[in-house]
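Structures follow.
Each of the next two complexes has chain A plus one other chain: chain B in the first, chain C in the second.
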Partner chain A sequence: MSDATLIILLSTLTTGLMLGVIFSLVAVGVTIIYGSIWMPNAANGQFFLLASLFVWSATVSFGLHPAFAALLVIGASVPLSYLLEATLVRRFYDVPNRNISYFVLTLGITQILAGIFSITYGVWSDQFQIPPIVAGVTMIGPFPIANNRLAAMLIAGALLAALFALLRYHKYGRALRAVFQNRDAAALRGVDVRGIYRMSFVLGNAVVFAGGVLFACAYSFDLTVAWTMAITAFAIMIIGGPGSVLGALVIGIVFGFTQAIVSIFASPTVAAFSYLGAMLVILLFKPSGLFAR
Partner chain B sequence: MTRHMSTAVLAAALVAAAAGSAAGQESVKVGFVTELTGPWAFFGSSCVAGLKLAESTLNPAGKRKLEFVTIDNQTQPAQAVAAARNLDVQSKVIALSGPTSSDTALAMYGYAEQNKVPFVVPVAAFPQLTKPGTRYTFRLEPNAAGWGYAIVQFVAKQKPGAKIALVYSDYALMRAIAAGLKYQAPKSGVKIEPEIIFPQGSNDATVQAAQVRAANPDWVVVIGAGGFDNTLTNQLLDIGIKAEQIIHPFGITTQVKNWGKRSVGSLYGTFFDANLPELTAEGKKFVEDFRAANKRQPSYVENYCYVTAQVIRRVIDADPGAGDDREKFRAGMAALNTKESTSNIPIAFDKNGARKEYMYFMQIQDVTEDGYKSKQVYYTEWDPEVIPVYELVK
Partner chain C sequence: MIDRILASRQSQLALFALLAFAVPLLLSGNRYFAFIAGITLVHVLWASGMNLLYGYTGLMPLMFAGIAGISSYLVVGLTSIGWSFWLAMPVGALAASLVGVVLGLPALRLKGFYFTLCSLVIQTVITLAFVYFVNLTNGDTGISQIPLPTLPGGASLHGLPYDLVLAALAVIGVFVLIRLVDSGFGRRLIAVREDDELAETLGIGVTRQKLTAFFVGSLYAGIGGAFYTPYVGFISPRSFDVLISLNVWLMVAFGGRGTIWGPVIGAVLLAPVPFLLQDYYMIKDVVYGLLIIGVIVLLPAGIVGGLVRRPKPDPEIVPATVGEGAR
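Our next item is the complex of A and B:
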């Protein structure tokens, strides 16, 4: 195999993995929230962008090290989520068909955040880039990959593994899955359902923030990334099965590889809508999603 | 002595009368509809920052006041037209100006041409803004297809028979640049391989960077949109493309700063740059004042908006009636033969409202916290219709 072919092959693999883990993180965050409190969070893209912009401010404007800034921003999502839950989200817990109410509510949040970003960050720059967490390049055979992207990919992978372990083996994770499956039965078994609602809103947003932070570490971005990510996260959740964390995780990775592979055999333009086409086809045969129970 | 005294008194009286007459007249209003929010907010805000510097010297005593009424179009064509209509009907502006996005500019173009309102476009490069038959629109920025033409001229001069890789985002502006480049390349003996188009919203270009490297081009023309432009550049550099091989058709301050030190040696096109060796004294002052006010150096966007205000002032100075009569204002714009006060580049418009076009190619020398240094390596100018620009991009 020639060096050129090997480089293209390895670049496809790393791109698939990189995009896949980021997509998975965001989709898992969205799914955790939807699965527990039935909130289709239309603002997930703006939350993702908020995290990216906060990291940019912390590093570029305040000179913090990107690793420290990343931890700080993910940490900041916790009080922000608690505040949002206490002031807005919990008011709908007893509303029948609250998913529609939540969708409209989060659309409103989307518009407000988009407006705020537009008159602040949008005026400061047309593009944003943070300094690398790790400088330099690693050679995988003939293929050079920036250490920064490698680090972001590994951290995202580790976070997904930790999240999977938390949901499968920790008592909170078991309680969360019980609420996902049947909240009345979970309540009868002594699960604090409202506590789980609150915790899943906080955890889901922290995961979306982590996605935004790692994305900002790996790529330059602008304000339009919010819309791209919001659509992608919803598409992954729908194909994987709304409420299925495993589905979000697997389909996120599949999406990443689909984009990378289709972009080389067809074109980046075809790749951009290939997964949306796949979504429509899959929904024709399994409308509840591939991993729905 | 008595005669000198009476001459001085007469002169003072004339000046006072002129000033009084100017002060007594209503100010001339120009509607400045630009992008202060939405995806293009950075460009609109930068444009207004340039305009504000011009405004500080635009109304000396004795001259009729020129006033810019700035309205946000939210980067939405429909909003731009609504604002244009409001300024035309309610505020009775003498002319419209302001857009920095081709989409909003095209929307305003339709309104301006249909309603016979002079329209001075500072920064919007889509060719059709000066298509044949245009009467009321005048554009300062060269059209984007011409930028592609200029890149090929530059490459062919550096290395006859060169091969370039062309990677760009699927936006109207980028497609127009690519169209000019692809038209001129075979005529100048330049080969394009590969040509890769990225859809809007792209994030990653690693695979395509590998394809570019495998093609082993002499230069890579990189035309990404927003943050993706920088990702694209970084991923090309990551995979082993040398900075000296990269040509960006345009470079504004934030772009060049984000490309960073690793892009030292790469090239970008521009129409004004703080590092140009032949800036006029006013141009140097403009750079200093802009830097002091905005903590960054200006690029061509800010310069064009600064110059736009001066152009409008000159038209009204040349014919005071142009401040009250749109046809006279239009005629004044069409007859204008002046120079950019910042760089001495001539300004005159052809029958379609397009300027004789030009482009500088700069090579990045250093990027620091405060800004960047670059040197001019090439300059070219051309007639806008040296290529069939209005046929290439519809």
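Our next item is the complex of A and C:
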């Protein structure tokens, strides 16, 4: 194999893996919230962008170290989620067919945040880039990869593994899965259902924020990433099966590689068309998704 | 006395017709205000079509603006190759209805959130297509200087006569909606909205009702789109994106879904908002977003639904159970 093909191969592989872990992370955050509260968070893309933009502000405008800024922003998602939960989300916990109310509600939040971003950040710049957390370049054979991107990829992978372990083995994770499956039975067994709802809202958003922060560390971005991410995360959730963390993980990685491969020959619009098409097919013929429990 | 007169739908319609024709006449001295009135009348038509689908059939079609856009682009394309507007308009509107029926097919399998998500995906695909097929739509740049419809004798339809045509369309749209809702078709739709499985067992052809609703609702979208285009003179993919669908939905939900006059009032109150905010157009999205949240949280039945019908006590709270996710 010549060096040129090897470089293309390795580049596709790393891009695919990088996008894949980010997609998985966001989709896991969205699916945790949908699986427990039954809330399709259409604003996930705006939350993702909010995290990216905050890290950008903290590093570029306030001169914080990017690693510190990243932790600060992920931490900031917690009080933000509590506030949203107490003011808006909690009202609908007992409403039948609440998923459509939540969907419209989060579309409203999307519109507000998109409006605010275009007034504020949209005026400042078109492209946002964050100074690297780690400097230098690693060579994989003939292919150079920025240490910064490699670090973001490893952190995202570690976060996914930790989440998976949390949901599978920890007491909270077991309670969460019990509420996923049967809210009443879980309540009878002494699970604090509302507490679990609140926890999963906070956890899910923190994961989406982490996705945004890591994406901002690895790539430069613009305001349109919110809309693309929202659609991608929803497509992954629907195809993987709403509420299925494993589904979000697997399909997220698949989507990452799809995007990396499609981008070699065609525009990202074609990748978007293919996600939307796949999502429509699954919605129509297997709405419970490929990894339904 | 006045109460009793206003109680009948005929007199309500007569009052609406009076207002719809009088307002453009009264505002004819100021072209800008008359233009706002004209745009509002198009939105009355759109909100009535959306109301048939969302209010009476219980489906929330977020691809509504996309369907209007298909008619609009088709009319522009056909008039640019020499067709008369009066020939292109029915063709565009009919094409929009047929597309609407096809895009409504998922409604036969999906309900509630899943249908709405599906329609959002379809709307996104339509918007991407408007941007992508540059040679037909001129992409993101949009098409400007769209010619006005010509009248017999060579004059073009503009100014006050155009406003009055839009008023007539809005009145006809509401009139047709009243007739539909009061007919057996309307009652069957409501049965489908309340419980489509029960409706099916009662011998109602659910498929036919839903697809007919999509045909008629999309016809409203298409006719509105066809007349909106030369009136404004400029279209781009942003003129028919998901935010426009949401705005029309908001007019229906804010006014009161499933009532004749709620969506009309919603359109009259909300369609002028972007013009009033012209100097602060940046915050338009924020205002609409806040209104959406306000309606969902505070006014789920809308203004008319909340005030006219005494609020009923909350329906029995059904706890979430297994299998909820599969619906």
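Here, the second predicted complex is superposed on the first by the 273 of 293 C-alpha atoms of A that agree within 3 Å, B and C clash if a C-alpha of one lies under 4 Å from a C-alpha of the other, contacts with A are read in each partner's own complex, and residues count from 1 in each chain.
As a working rule, contacts are C-beta pairs under 8 Å (C-beta built on N, C-alpha and C of every residue); 3 or more make two chains touch, one makes a residue touch a chain.
The structure presented is a predicted model; accordingly, all values stated were derived computationally and were not measured.
Once the two complexes are laid over each other on the shared chain, residue contacts for A:I8 go to chain B alone; chain C is not touched.
Contact with neither chain B nor chain C is seen for A:G247 once the two complexes are overlaid on the shared chain. When the shared chain is aligned, no partner comes close enough to touch A:P66: not chain B, not chain C. In the superposition on chain A, no contact is made by A:G212 with either chain B or chain C. Applying the stated contact rule after C-alpha superposition, one finds that A:G115 touches each of chain B and chain C. By the document's definition of touching, of the two partners only chain B reaches A:P268; chain C does not. In the superposition on chain A, no contact is made by A:G45 with either chain B or chain C. Comparing which residues of chain A touch chain B with which touch chain C, the overlap comprises 115, 118-119, 269, 272-273. Residues of chain A touching chain C in their complex: 35, 38, 40, 88, 91, 94-97, 99-101, 103-105, 107-116, 118-119, 181-184, 231, 234, 238, 242-243, 269, 272-273, 276, 279-280, 283-284, 287-288.
Touching chain B in their complex are the following residues of chain A: 4-5, 7-8, 10-12, 14-15, 18-19, 115, 118-119, 122-129, 137, 143-146, 215, 219-225, 227-228, 259-260, 263-264, 267-269, 271-273. Partner chain A is touched in their complex by these residues of chain B: 36-39, 41-43, 45, 170, 196-211, 213-214, 226-231, 234, 238-240, 252, 254-255, 258, 260. Considering their complex, residues 60, 106, 109-110, 112-114, 116-118, 121-122, 124-125, 128, 131-132, 243, 246, 249, 282-286, 288-293, 296-297, 300, 317-322, 324-327 of chain C touch chain A.
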